[in-house]
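Shared chain: subunit A. Partners: subunit B in the first complex, subunit C in the second.
Moving on to the complex of A and B:
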C-alpha cells in the first residue's frame, strides 16, 4: 500500500537540517503500522512527507504503486483521495467558526464531487459523526464547545469522509485524558475491524503502539533503528536503543527507580 | 489512620481545603473539602484527569493560586508553620526555602533573558542571605547533585541552551539550594521523552533517599506514580475519591474510579484482542458529562 524508499527530508536552513535520513518503511494493505520515537526522531516529518505536506529531498514514496513523491496536480488529488492525516491538536485542524456537522459535511462534499446534493452530504456527515461516537446533541456545536476527545472524533470523522484506504494518525491521543484516550483507541480498533483501512500510527507512547500495531518501526535522530513485527520488536528487541526505550516505560507496580522500596501492605 | 497533626512525622497537613472562583457563587467550588497529609521523607502521588483539582491543590499549598481564585482551609500546616494564618514574612521564608517546586514546563519558570547562574544565585541570596561567592559555590554543588555535567559552564548559559531534561533538573537544583523538606513536582516529566523521564524520576528518588526530602508528585499517569510513591491520592472533579498505599493500589483499589483509571491505560502487556475498559460509570465519566453540558 504505502511504500517509502530511502526517503530523506531536509529542511532548508540556514543551516539545513536533515530530519529524516534515508529511511525505508512500508504499510501493507489492511495492517496497522506503528512508528515510535522520541522528540526530534523525525516521525512527524515522515507523516507530513507521506501526505505531501513536507517536500521530500531524496527517495521515493508510492501509494498502491503510484508515485506520490512531492505530489502536485493529478498525483496530489490521487494521494489526498486515498490518504488522510489526523493531527495531535484538533483545535488547530478544525475551523473554529464552523459547526462540526458542517466541517464534516464540507469534507463529504469534497469527497463526492457533484454526486450528492447538500441534503445528502449533510446526512452522510451525520452518519459519519454517529459512527465515530459523537452524540447528536453535539453535532450543531462549534469546536470550542466540545471536549478534546470529542474533537478528535470529529477529526477522525472528517478523515473518514474521504473513504481513505490509508489513515496516518500522528499522536492523536497525546493531549487527551487517559479515560478519553481509551475510547479513541477502542474506536480506532473498531475502524480497523469494520473498514478496509490501513493505518500508520505515530506515537511516542510505546504502550499504545504495542496495543494497536501489527508492525513496528523505531526511529531515532532521523534514522530507522529497528523494524519488525510488533512481537519481534517488543518481545525480543535487537537494538540497544529499543531496549532502553522499552525499559524506560513506567509500568504498574514496577519499582525501577527506588533503591529502598518499603511498601507496607494497605 | 491515626493522623495526629502534632506528631513530628507529619510534614504537611491539609484539612478541609476548598478553592472557589471569587465573586461567582453560582460556580461550584473547583476543589472541595480536600484533606490529606504527608509524612517526612514520604513520596506521595496525586493522580487525576484534567479538571480534577490536583494542580490547584498543589498551588494552594504553595500559596501560588492565580488571581481570581480564593481558598479556605481549616488548616494547612507545613513543617511546623501555619500557612493559613501565618504572616506574609513567615510564608516567604518557609515557602522560599523548605519547599521546592517543579512544574511541567521549566521554560515558564526560568527567565529566558537571564543566565542560569544569576537566577540560581538570586534566589538563595534572597532567602538565605549568602554572599555571592557562597551562593555560587552552592549553585555548583546543587547542579552536581542533579548530575548536570560542567556545572560552572552551565551557570553562564541561558535556559534555551539547555535541553528539556537539563532545564527540569536545573529547576530541581534551584529548589535544592534551600535544603527543602518537601519537593512539590507537578507533572515534571509530562513534556519529556520517556528516557529523560526515567532520569528525572531516578533523580527525585535519589534525592529522597540521600537528603530525606519528601516528594509530592502530581501526575495523570498512575503507572508512573505506582513505581515511585509510597501512597497515592486519587482526585476526581475537585474531590479526593481515594487515598491508598501503593501496595493497596496494586492489590486492587476499592473505588470504581481508581479501578477505571488503571484499566483504561494500555501497558506493554495489555491483551490486544480486547477493547480497553472505559470508565462507563456515569458518575465518573468525563466525556459523557461534556456531552450533556
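Moving on to the complex of A and C:
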C-alpha cells in the first residue's frame, strides 16, 4: 500500500544534509514492516517524508497507487485521511493545554467532518480511549498529569480516530520503560489484528522489531543496508552491518554476548 | 462541551483564588477601579481648585500630606489622578498588545521571507528607543492626551510584536504542532487551541507588567511637556511638579510615586496570578492515585530497610585502628 521509490530527503543547509539517500521501501497491505537503524540513520526522516511533514527532494511516494510525494491540497487530504503518524515523545506530541479527551475528540471531529455533533464526537473519543486502555479517571486530565505509557496510548487513540489504513509509528516505545513498552506493543498487535491496519514500525530496538514485524529494513547513514522477511534478516543476516547490529543486542546467558570489538566502528 | 468548559473555568478561578498574591493584588486593583470610576470630579474642589495662600505647605490637620505649588491637597489630588493615569496607560498598552500581537503572530506564521523582513523591521523599530519613537508620534499627532496614548502605544508595539513573534515561533516547532497538522486540525483550530492557548499566559503576564511601564512612560512624556496638558492631570505630571518643590513638601512627589509603585506591584502580581490560572500545568494536581501508591511504596521500602546498628565493641575496634 505504501511505496517509497528512490526517495531522497535533503535538509537545506548551510551546509545541506542528505538524511535519506535514495531508498526503496514498501509496506504491503495488512502487514507490519519494521525499519531499524541507529540514531541519525534517517529513519525519522522517512516517517516525516511519508506523512508529508518533511519535503522529499527526489523520488516518489505512493499510497495505494496515488502519488503523495510532497502532498498539497487534494493529495494531502487523501494522505492524512489514510495514514497517521505516532510520534516518539508523547509528552511533546500532545498539546499541554488540552485535556486528553479533547485531543482525541478534536481528531474525531476532523475525521467525521460535520456528520457528528460535539456530544457524539466526545462519546466517540471516550470509546477510543477506552479501547486503547486509558482509564476513565484519566480522560479529563491534562497531558502532564499522565505517565508516558498512558500518553502514548492517547496518541495512538488520536491516530485511530482518523481510521487510518496505515499507521507509521516512530520510536513510539523508545521513551518508555520495558514493562510499559511491552504493554504498548501488545496493544499495537491487538489493534492490528482487530482493525487490520498496515504498520510501518520504526525503531532502533531490534527485539521490538522482531516481536512486531513481518518484513524488516535495515538502514545506516541514510542508505538501505538490508531488507527481507523478519526471519531472513534476524536468522541469516547477509550484511556485515546487520550482523554487527544483531550481535550488539545484549542477551542473558552469555552465548550471544560478544565483545565490543564486533561492533562496527562509527 | 459546554459543561466541560464551565468545569475548566471553575477550576481556573479556583486556582486564581487559591493564591494569596492573586487575592491581595485583586483587592488593590478593585480599590483602584473604584478610584478610576470616581475620577477627578469625585473628590470635589480640594483636588482641582488652587489656593495660592497655602502653596507648598507641609502636612497639616486639613491637608494630611500637605499641598502642591498651587495650594491643592496632595492626597486628594493623587487619588483624583488615578483615572487618567491608569486609563491612559492601559489604553496605550492594550493598543500595543493588540497591534503588536497581531503583527508578531502574523510574521511568525508567515513564510521565510516574511519572517526575515518582518523581524528586521521590528528590530529596527526597537533600536530607536521607546521615548524617541513616542516623541516622533507626538510630533505627528500633536501634544495632548490622545497623542500621548497613541505615542506610548506605538512605542510599545515593537516589544509586543517581538515577544509574540518569539513565543509563536517557539510553539510552531513543537512536536504537537506537527501532530496537529498530521491529524488535519484546521488552521483556525491550530491558531486558537494550539498557538493561542500556549502563548496566552506569557502574553497576559507581559501585558500586565507593561501597564506599570506604561504609567511610567506616560509620566516621562508629561515630564517632557508632551503628555497630558493642564487642566488635566495624572500621576506623572504630579510627580514632575512635586520633584521641583521637593524641599518644600516632599510628599508632593512621594504620594503620587507611591501610588505608581502600588499600582505597578498590583498589576504585576495580578498578571502572575492570572497567568498561573490559565496554565493548567501549574495548578492541576497530579493524580492522587499515584501519589498515595507512591507513599505506600515508600512506607513499605522504609519498613524493609534493615536498621543499621553498630556494635559498640566494633566501634572501639575501628577507632583503635585509626592513627
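Heads up, the rule we're going with is that the second predicted complex is superposed on the first by the 254 of 266 C-alpha atoms of A that agree within 3 Å, B and C clash if a C-alpha of one lies under 4 Å from a C-alpha of the other, contacts with A are read in each partner's own complex, and residues count from 1 in each chain.
Criterion: a residue touches a chain if its C-beta (ideal position, glycine included) is under 8 Å from a C-beta of that chain, and two chains touch if they have at least 3 such contacts.
It should be emphasised that the depicted structure is a prediction, and the values quoted were computed from it without experimental measurement.
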| item | value |
| --- | --- |
| Partner chain in contact with A:106 - subunit B first, subunit C second, else both or neither | second |
| Partner with the higher number of touched subunit A residues, subunit C or subunit B | B |
| Partner chain(s) touched by A:122 [first = subunit B, second = subunit C, both, neither] | second |
| Touched partner set for A:179, first subunit B, second subunit C, both or neither | first |
| Which superposed partner A:138 touches (first subunit B, second subunit C, both, neither) | both |
| Overlap of subunit C and subunit B interfaces on subunit A (superposed complexes) | 137-138, 147 |
| Interfacial residue positions of subunit A with respect to subunit C in the complex | 48, 51, 53, 77, 80-81, 84-85, 87, 89, 92-99, 102, 106-107, 110-111, 118-119, 122, 137-138, 140-142, 144-145, 147, 155, 158-159, 161-162 |
| In the complex, subunit C residues that touch subunit A | 1, 4, 7-8, 174-176, 178-186, 189, 193-194, 197-198, 279-281, 284-287, 289-290 |
| Touch list for subunit B against partner subunit A, complex | 49-50, 193-195, 197-198, 201-202, 204-206, 209, 220-224, 226-228, 230, 244-251, 260-262, 264-270, 272, 275-279, 285-287, 290-292 |
| In the complex with subunit B, residue positions of subunit A that touch it | 38-39, 135, 137-138, 146-147, 149-150, 177-183, 185-186, 189, 204, 206-208, 210-212, 234, 244-260, 262-266 |
